[in-house]
Amino acid sequence: MATAGMRSLYRRWLDRRMPAARQQQLTQRRIFILPTGYGVFFMVIAGSLFLGGINYENNLIMALSFLMTSLFMIAILHTFRNLSGLVLRAGRMAPGFAGTDGALELVLHAGDQQAHTGLWLAYPGAAPEEVSVSPGEEKNVWLSVPLRRRGYNRAGRVRIESRYPLGLLRAWSLLDMDQACLGWPRPLASEECPAGGGEQLQGQYAGRQRGSDDFQGLRSYQEGDSPRQVDWKAYAAGRGLHSKHFADPAEGWLWLDWSLLPAMDTETRLGRLAWWVLALEQRQQRYGLRLPGTELPPALGADQRRRALDMLGLYGENIQGGEH
Amino acid sequence: MQKLHDALERVGKVVLGKDEQIRLAVACMLARGHLLIEDLPGMGKTTLAHALSRIFSLDYQRVQFTSDMLPADILGVSVFDPDSRRFELRKGPVFTQLLLADEINRATPKTQSALLEAMEERQVTQDGESRPLPQPFFVVATQNPLDQGGTFPLPESQLDRFLMRISLGYPAPEAEMSLLRAGDLRERALDMSPALTVAELMALMAEVEQVHASEDLLDYLQRLLEHSRGCGWFTAGLSPRAGLGVLRAARAWALLDKRKYVIPEDIQAVLKPVCEHRLQSASGGTAGGAASRLLEAVPVVR
Amino acid sequence: MRVYQVPQHAFLLLVGGALLAAAPHLLLGPPWLRILLPLLLLARVLIQRGRLAMPGRMVRVVLLAGVVLGTLYTHGTVLGPEAGTCLLIAAFGLKTLEMFRLRDAYVLLVLGYFVLATTFLFYQSPLAALYVFVVMVLLTASLVGINRPETGARSRTHLRLASVMLLQALPLMVLLFVLVPRIAPLWALEFQSEGARTGMSDSMAPGEVSRLTESTELAFRVEFEGAVPSPAERYWRGMTYSLFDGRRWSQASPGGLPRPDLVIFPGQGTAPWHEQLQAQHAAMADTDAAPVYRYRVVQEASRRPWLYTLAVPFVRGPARGIGQVRDFRLVKEGDIEQRFAYSVESYPLLTAAVGLPDWERDFNLALPELGNPRSRQLAQRLFDAEGGDVEAYALRVLAHFRQEPFYYTLEPPLLGGNTVDEFLFDTRRGFCEHYASAFAFMMRAAGVPARIVAGYQGGELNPVGNHLRVHQYHAHAWAEIWIDGQGWVEFDPTGAVAPERIERGMDRFLGREMGALQNLLSGAAFSRNPLLARLRNSIDYLQFSWQKWVLGYDESSQMAFLERWLKDVSPLRIGLVLLIGTVAILLPVALWVLLRRRGPPRSPLQREYRALRKQLLRSNIAVSEGLPPRAVSETVARACPAAADAIRAWVSQYEQAAYAEHADAQALQRLRRLRRALRWRLRRSALSG
C-alpha cells in the first residue's frame, strides 16, 4: 500500500517536473545522476587507499586516493554532459498484435559540438537499445513497447541512461515523449469467414489493381472487363477456402464484414477479422473490410494488410498520437 | 545576356505582374531543373509555360493528366509493324523539349512515377532499351492545391524531383486591369517570336555552372541545411540533394543578376521555391513559411 | 562458459595498463612472479584471440593455491606489505583469466588502481609519481573503452578523454592533498623495508667513523629559515657517548635510572629536567635577540631512531613521535624506515638549561680503573699547569694536539690495548674519533665531566635551493665538556689538527685525500664544471622540494602552512575552505565541460563582419542576423541617410571579398578603413540628430 502510494506520488512529481512533449531536450532539470555500484566500489578503494596512506604515513598513496576521488567528481560532470543537450523527438510507430511487442521510433539529435556516447534507451517493460550520436548527427532508434491491449497503448516514460565515460556514475532521464503504439487485435482463428462476396464488381480500383507492367503499350485491354463470377454463397456457408476460385488473384474480392459475425463481444469480433485478414493475405485473396462507420476498399498486399489491421486496431479508439 | 533580359521582359508582357515568378521559372530552367506550379486554374500557368517555350524556341507538348491515363500515354507505345515485322516505339509526348504536365496530381501514382523517372534520368527505358530525351528537357507540371477529389497527391519523394515549386497567385490590381484591357493573352503567347536560340540557352546553362560560390557562401548554405535538420520544426530536414538544388538555383539567380558569383541574397531568393515543397512541418501539415523562418534563424555570416 | 569479449579498441589498453601497473613490483618481487604475470597476460591475449579456451575452475583454483604457496615460500607469510603486494599482484594477474562478465573487467581495473598505489610503498621519487600517473591514464582509458560497446571506437579517443579527465582532476587533488587533515595512524604498522642500517651506530671504537666517510650516500638535507650558519657552526648532533670501556665509547645511562629522566615523548608525562628546559625555552623564545636557528630537516631512511640537529633543539609544530632527550637531542619513536621530515628550532645558548646532577657528573667522569697510564699522567700534569682552570686546561690540550706532530688521516694505523696512550704518544695519526676519544679521556682523567658527541659536521650548500646536503662522509665525532656557568661546551680536537676539515668542509678535504673514483662519486668532479654543478644542484633541489612538500607534507607542515594562510585553524574553517575550494575548482571545469559549445571558428573576414554589426548596435541600428549584406546596407541607409554611401561602399567591398572569385589581399585593410569612415558618419549624424 505504502509503496503504491509512494509510486503514484513519484509519478505525479515526474509529470509536473517533466510534462509530456513530442520533442524534448535533456536539460539540467531533466537529468538525474547517481553513482553506480561500481562507482561505490571505486570510492571504497579510494577510501581504503586513504587509510593505507595514513597508516603507512605515505603521502603519495594518499595523493593517489585523492586523485581517484577527484576523478570521480570530474566524472560526474562528464557523465552529466554526455546526456545533457541531447534532443529527442518522437518519431513513427510500428504497431503489433496485442500481447506482443510494437515499436516506437525516437529520433536523437546531437548539437554541433557534442557527442552523446553509449546511450541506453528503453520503454518500461522492454529491452534497452544502445546508441551513440556524433556531433551534429541525427540518429533514429526503434524501441520495442509491450502492447498490453488492443488500440492505443500509451508508452509511458522512456528511460534514457548513460554511464559513459567511466561507468562510475549513471545519468538518466525519464521522458514522456507523448508516444503511443497501436495494438492490433490478437488474431483469433475461426472456421467461418465473415465475408460476403462483392456484388459490385466494377469500380475505379479494378482497372488499376489489375494493371501491371505487362500491359504497357497494349491498348486492347478495356477497362471494366468482368472477371468470372464466384460462388460466394457456397463459400460463405463454410465449405472452406480451397476453392480454385481463389487461385487467380485478379478474379474477385471478399468483403470482410463486422456485421456478418454473430453477436459476440467487440474484441472477439475484431480478433476474428484480424485472423481472416492474415489468412486472406496468405492466400493471396483480395479483400476489403467493413466496420461500422468505416470501410476499406478491396486490395491485396502489405499496404492493405497494414491498413486493415490499423483499422481494426483503431476501432472505437479516440484518434490520438497516431501520426505515422 | 542582354537577350535573356529581353526575353524576361517579353514574357512579362504576357504574364502580367508576375516578374518574380517569371524570373524564378527562368532560373529554374537555367539550373536544369523541373518546375512545379501549384495554383488554381486560370491563373496563367499554361500561358507562362507556353511563353517560355516560345521565347526560348523550344519544342512544346502539353499533356492533360487524367486518372485513366497510363504510363504509355506519356512515354509512348511499342507497336508491331507488320511490314517490318518488328516492334517500333511510337514516341509519346514526353519526347519534347518543354513538357507541360497539366494537373499532374490527377494521374495515378504509376503514371506519375513513370514521368518522374523520365524527368530524373532524362531518358526513357522501354523493352530494355533506353532512349534519351531531347536536350534540353524541361517539365513544367501544374497541380491544383484545392482539387482533392479523385487525385493522387505527389508523395514527398517525388516532389523532390522538382527543383522548384512556385505559385502564381492572383494578379495585382494594376496588372489585372491591364489584363482585362488586353483580353486573353494566351493568343499573344502563341504569337511570340523567339528571343534566344536553343544553342544560346544551352550556353547560358553551361555558364550557370561556372558561377562562383565562395567558401563563406557555402558555409551559409550549409548552416541553413543543418538548421533545418536540427531545429525540430520539420519531420525531416533538408536533404543533401535539396542543398545542391538550392546552390544550382542560386547560381542561376546570380547569373540573371549578371553576376559571376553567388551572394547570400541569391540563396535567400530561391530558398522558398526550392525548399518548401520538400519540408513537412513536425506538427503536421505543410511547412508554410518554413523558408522565412530558416532565413531568420540562421545568421548570414558566422 | 561464454567469455566476455573486451572491446578490441580497449583490449590493448587493458592488458598494457595491467602489465605496467604491476611492472614495478615485478622488478622487486620474486622470480616466479616475474614469469607468472606476463604468462597470465599472454594467456589472456590468446583467449581474446580465440586461440585458447578459458581455463576451468580447477585450473584457476590450482593456480591460486600455487600463488599462495609461492608467497609463503618467498616471504614466509602472506601478511605484511611485501607478501601482501606479492599476493595482490598475483591475484590481479589471475583475475584476467576470470573476465566472464563486464563486471569482472571493472573489478580488474579497480584492482589495477590499487596495485598501482602499492608502487608507492617501494618507490617515491618524482619519476615514480609520473610513471604512476601515466599508467593511471592507461587504466582510465581502458575504463572508458569498456564503457563504449560499439566496435567502431578508437583507442586514441579513449586515451585523450582519460588524459583530459585526469588533468582536470589534478587541481582538485592538490586541494585535497593540502587541506584534508592528516591524522595519526589508526593502528601501528610495522613496515620493515629491506636495506642496511646506515650512519652512526650507538657505540664508537677507533676506525669506525672513518669507514663511514667512504660512503657518498645522502644522510639528510636541511633548509634554514633565514641565514645558513657558517661551516664551523654546522655541528649536527645525533647521539652522545658517555660510557668508556677503555677502547669503545657507548651510549648508555646509569643503571636503574627511570626513563623519563632521560627522554620525554609528547603525551607521556614529564620530568623536572624537561619542565626546566621547556621553561627556559619559553623565556628564550620571548627575547627577540636570542640567537636561534630555525630549519627543516628531511632525513633519509637510516633504520635508526636518531635525528640530527644543532645544539639545544626543540621541535616546532606537533611533535608526534619525536622525543626530547636530556642531552639536547631529539629521537624518533621507532626507527626511521622511510624518509622523515621534521622542523626544529635550536637555541645555542641553552646548553646549561638542564644542569648537572651528581649522578650525571659521576657518569661523565667514569673511566676504567686501569689502562692508559701515560695519558693519565699527561692529563694531570697539564691540568695542574693551568692551575685547575677547566677552560684553560681544555684549550691547553687542544694546543697540545696542534703543537705536537699529530696528523689527520683517513687511514690511521691499527691500535692495540691502550688505545689512548698508543695514539697520543706513538702513532699520532688518526681520524676524528681518535682525537675526540683522546680529548674526552684527558678531560675525565683530570676530573672534568666530558662526553663524545657523534653526528655530522658541515654540509654542502646547494645554491639553487639554498639548502644543505649532508652526506655520510660528513660523519664526525667531537667532544663536550661541562664548564660550570656555561654548561656543556663543544670542543672539536680535529679542528685543532686539521682546521680546513671544519672550516672548508669535508668535501674539499676529501678532494685531496680520496682516490679518483670516490672523487667522482662525491660530486667533487661535478663542482669543477659549473654547468654540470648547476645541473646537479637543480636536480638536488627538485628532489629536496619533492621530499619537503610532497613526501614530507605531514601534520606539522600542514599546520604551519594552514596557519600562514588561514590564521586561525579550526576544523570548521578547514571544512569551509575545502568546500569553497572544491567548488571554485570544479566550477570552471563544470563550465568547460557543460557549456563547451565553442563558438564557431571565424575567419578574419567574418570577424570584420561581426565588428560591423557591433558598431551598428552601438549606433542603435538593429539588424537581424538573417539579413543578407545588401539588405543590411539598405536598413542602415534608411536609419541614417548620412551614412548611406559609407555603408554601401563597405557592403560592396565585403561582398567582393567574401563571395567573389578573386578576392584581393588588401580587402581586409580596405574594409577596416571603410568601417572607420562609416563610424565617423554614424557618430556625426548621431550628434546632429
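Residue numbering begins at 1 within each chain, and the chains themselves are lettered A, B and C in the order written.
Basically, contacts are C-beta pairs under 8 Å (C-beta built on N, C-alpha and C of every residue); 3 or more make two chains touch, one makes a residue touch a chain.
The shown structure was predicted, so the numbers you read here are calculated from the model rather than taken from an experiment.
Asks: Does A-C or B-C have the larger number of C-beta pairs in contact?
Replies: A-C
Asks: Computing the C-alpha centre of each chain, which chain sits at the greatest distance from chain B?
Replies: Measuring from the centre of chain B, the most distant chain centre belongs to C.
Asks: Roughly how many whole angstrom separate the Cα centroids of chain A and chain B?
Replies: Here the centre of chain B sits 39 Å away from the centre of chain A.
Asks: Distance from the CA centroid of chain A to that of chain C, rounded to the nearest Å?
Replies: For chain A versus chain C, the centre distance works out to 64 Å.
Asks: If you average the CA atoms of chain B and of chain C, how many Å lie between those two points?
Replies: That pair's centroid distance is 80 Å.
Asks: Which chain A residues reach two or more other chains?
Replies: Only 111-112 qualify.
Asks: On chain C, where are the residues touching two or more other chains?
Replies: 600
Asks: I need the residues of chain B touching at least two other chains; which ones are they?
Replies: If we look for residues of chain B contacting two or more partner chains, we find none.
Asks: Touching residues of chain B toward chain C in the complex: what are they?
Replies: Touching chain C: residues 212-214, 216-217, 260-265, 268, 295-302 of chain B.
Asks: Note which residues of chain A are touching chain B in the complex, please.
Replies: Within the complex, chain A contacts chain B at residues 22-23, 87, 89, 109, 111-112, 136, 138, 204, 207-208, 211, 215-217, 219, 223, 323.
Asks: Under the definition above, what is the set of chain A residues touching chain C in their complex?
Replies: Checking each residue of chain A against chain C gives 38, 41-42, 45, 48-49, 51-52, 54-71, 73-75, 77-78, 80-81, 84, 111-114, 117-118, 130, 132, 163-167.
Asks: Within the complex, which stretch of chain B touches chain A?
Replies: 67-68, 70-72, 76-79, 108, 110, 126, 226, 229-230, 232, 237, 282, 284
Asks: So in the complex, the part of chain C that touches chain A is made up of which residues?
Replies: The contact residues of chain C facing chain A are 81, 103, 106-107, 110, 113-114, 116-118, 120-121, 124, 128-129, 132, 136, 140, 143-144, 146-150, 161, 165-166, 168-173, 176-177, 180, 182-187, 189, 191, 338, 550-554, 582, 586, 589-590, 593-594, 596-598, 600.
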